[in-house]
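So, here come the structures, one by one.
The two complexes that follow have chain A in common; it is paired with chain B in the first and with chain C in the second.
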Partner chain A sequence: MSALPTLLWLEFRKSQSFVAVLAGILLLTAVGLARLGANPLNQPEEEAIALFSVAATVGSTLLVVALFLSARQDGTGLLPSVPGGLVHQLARFVYWGVLGTLFALVLTGLLWAYFDRVVPGMPGLSSTMTLLFYGLGLFWLPGVAYLLLAFSYVQSYQLSRLGWLAGLVAFLGFFSLAGALVQVGSKVAYAALPPLTLSLQSLNNRLDDIRLPLEPLLLSLLLAVGLLLLAGRVWDEVEA
Partner chain B sequence: MNFTFLNLVGYTLLAVVAFLLWRGSASLSARLVSLGLLGLILWGLLSGDGTAEDSRFRGYQEDAFELSSRADCVGCSTGKRDGVWFVRGTVLDGVMVLKAKRAVAYKIVWAGGGGVYVDGRLRSGNCFSQQLGPQGIADLRLDGALQARLEVGPGLGCG
Partner chain C sequence: MSNGPTASDLLARLEAVSKRYGGKEGLHEVSLELPQGQAIGLLGLNGAGKTTLLKLLAGLLVPSQGRVEVLGGRPRAMRAHVAYLSDAETYPWLSPADGERLMQGLYPDFNRVRYKELLAFLEVPARPSRSMSRGQRARLRLAMVLAREARLFLLDEPLAGIDLISRDRILKTLVHQWREEATLVLSTHEVAEAEGIFDRAVFLKEGRVVLDASAEELRARGRSVRETFVEVLA
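Let's turn to the complex of A and B:
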């Protein structure tokens, strides 16, 4: 496990320029939110939401592209001993999971700060962050684990030149897996655990509370761990 | 399993891809991942009926009753069994109005979600049933109900 910090550092070295671009997007969003004014066609709140969704879309696309590019190059020749596949995959998973979380955290924080200023009775930062971490655990972490597994999986077909076919199967399988996860998740939702409840009463007392079921979140996290273990095994077998 | 020409082509392609991908890698885990992903894709082929998916449920009409709907219904299916008509969905969300022409009963069962409102009142529990007289009207609002099922027919009740 002592190789983990070095591997994290290598991941950072490979994606430095992307980190700079992401920080630039956050900076632009902050400046944009600070300079929002009223205009005859739009409410400033709507413009803030639009700015947020553009930044989130561009940022998450860039994150996935950066993950693609950095997974293709390998800088581990610098290490004195070769660590196991699981350590490699874990380092990538931690790095990209944390990077995506940081980006989403700052972006949501910016939007929340704006709305806290202009909307009376905005729910507190803690419930916004609960919603954010729920979404990240539900989508981002299993997504990263699936991407890592898909890379190693496609790599294992390099010798037989069937990488294109494996890539196609991994691409199509992603949607089937997501569909299966939605099916199972909705079956187990609210079954055993009490849901996380976020109150919107301070905003408008006619709004219902948001009740987030915990079972699908647990399912997603379990799936992420399973995919990561599998990715580690594939890595080992490809390198061997 | 469907055995139309296009489906047979699909199954054959999947089988060929499974063979190629099993032969193509030296790594056992990667082979198993191949099989797992192909299995998921096959499951996706089998569970869809091949038509384009539309998540909106637009209502239903027969001699005894009329159901008008503007509800979204994800993973939707409808049918009739033993004289009882039903619509069920992984998620049912929206407004439906049930108008009885003759006396019928209806029943809504759901697993969880935002809530089920009948005639504007939130109903608790996971089941609600009601008898409608001729020309009776029930106003149903399903607020993101999960694994929900609405049945209309004679003699339905919870319990």
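Let's turn to the complex of A and C:
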């Protein structure tokens, strides 16, 4: 596992320019929200949400494109590696998982800070962040593992036309599978594990509790581990 | 005629190895023994099977038939002792400093002092690959791989893109220095550069070994490597 820091560094070097662009998106969002705050004549809340949505959409699309381009650089087969495929894929997973999380964290933090200034009785930052981490664990982490597997597979086996068709079915099928997992998880929610309870303050200052079931989150994380193991296996299969 | 290698100094072995890519055969029943401390030239036209043979030894391919053994084990398990240079391009952002960082983290046998000496010897500029010439990029990749203290070096067309004068100088130094401590297998289709350099030349044609001869045996035939190349491969 001593190769892991080097592989994380390698991911960073491959994606350096994309990281700069993501930082630029966050900066522009911060500037945009600051300007909205200075001009309360229109409907700044709606504009803030629109700005947040655009930044989130562009940022997440960019992350997926960057992950693909970064994975493609290794396709050059520069050097056969002593560390196994799982270590390579784990490094990618950690790097892109953390990068996406940081981006979402800062973006959500900016929006929260804006609303905290202009809307009375906003939920606390810790509740907002817990909700965010819950969502990231549910969607982003298995999504990254899935993308790593999909990109490794496509690169390794040079899909034919029929292969692309199968790939498309698998791609669409993944979301159905993830949806089914969440549904199954929701059905057994509150039954097996205690839910995660968040106290959120609504606009009229009444305290509401949100109970988030832990089962779908655990299933998503298990799915991520499974996909990561498969991606590591594909790497080893192609290298040897 | 050279003496055959003993079991103790044998570094790698291929036994009746065939490799098929779909319906196409890349190698056909190739048997070879690579002893310790030899510089072996792998000669053949494009598509002769040189890269396939090197990739099998590096553990990057699995034979369709036959057995490949490196240091007494499966090639994949012996990667820590095998340095392989592919003919693929490197990362466009990679500079010599990045190369050092990368190799040091991935290969425990990477020697930093030797790397710096190699960079100086090969005259590699300190800038990213994207702003180097093809020959300079080839030199950088060569320095990265040769700085390892491996037992077996597998170099696939390492001098492609390097000018003729430098190529001769690099090859002579490389072979004389490295065969003392390791076995060197170098593929090339530039036969002129193989003259008087290798201990042994293996000629491949359409996936088959058509001649495997030591330098003494080649000399005894009274023909140069180039003439032999034309004779056996044309």
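In the analysis below, the second predicted complex is superposed on the first by the 208 of 240 C-alpha atoms of A that agree within 3 Å, B and C clash if a C-alpha of one lies under 4 Å from a C-alpha of the other, contacts with A are read in each partner's own complex, and residues count from 1 in each chain.
Simple rule for what comes next: a contact is a pair of C-beta atoms (placed from the backbone, for glycine too) under 8 Å apart; a residue touches a chain by one contact, two chains touch by 3 or more.
Just so we're clear, the structure is a prediction, and the values are computed from it rather than from any experiment.
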Under the stated touch criterion, which partner chain does A:Arg211 make contact with: chain B (first), chain C (second), both, or neither? first
Examine A:Val82 and indicate which partner it touches, taking first as chain B and second as chain C; both and neither are also allowed. second
So in the superposed three-chain picture, is A:Gly24 touching just chain B, just chain C, both, or none of them (first/second/both/neither)? neither
Superposed model, chain A: greater residue contact from chain B or chain C: B
Does the superposition put A:Ala3 against chain B (first), chain C (second), both, or neither? second
In the overlaid three-chain picture, which partner chain does A:Gly226 touch, first (chain B) or second (chain C), both, or neither? neither
With the two structures laid over each other on chain A, which partner does A:Gly124 touch: chain B (first), chain C (second), both, or neither? neither
Have a look at where A:Arg13 lands relative to chain B and chain C in the superposition and call it first, second, both or neither. second
Can you name the residues of chain A that touch chain C in the complex? 2-3, 5-7, 9-10, 13-14, 16, 73, 76-83, 239-240
Chain C residues within the chain A interface of the complex: 58-62, 75-76, 79-80, 82, 84-86, 88-91, 93, 98, 101-102, 104-108, 141, 144-145
Quick check on the complex: what are the chain A residues that touch chain B? 149, 152-153, 156-157, 159-160, 162, 165-166, 169-170, 172-173, 175-177, 179-180, 182-183, 186-187, 189-191, 208, 211, 213, 230, 233-234, 237-238
Along chain B, where are the residues that touch chain A in the complex? 17, 20-21, 23-30, 33-34, 36-38, 40-41, 43-44, 75, 90-91, 111-115, 143, 146-147
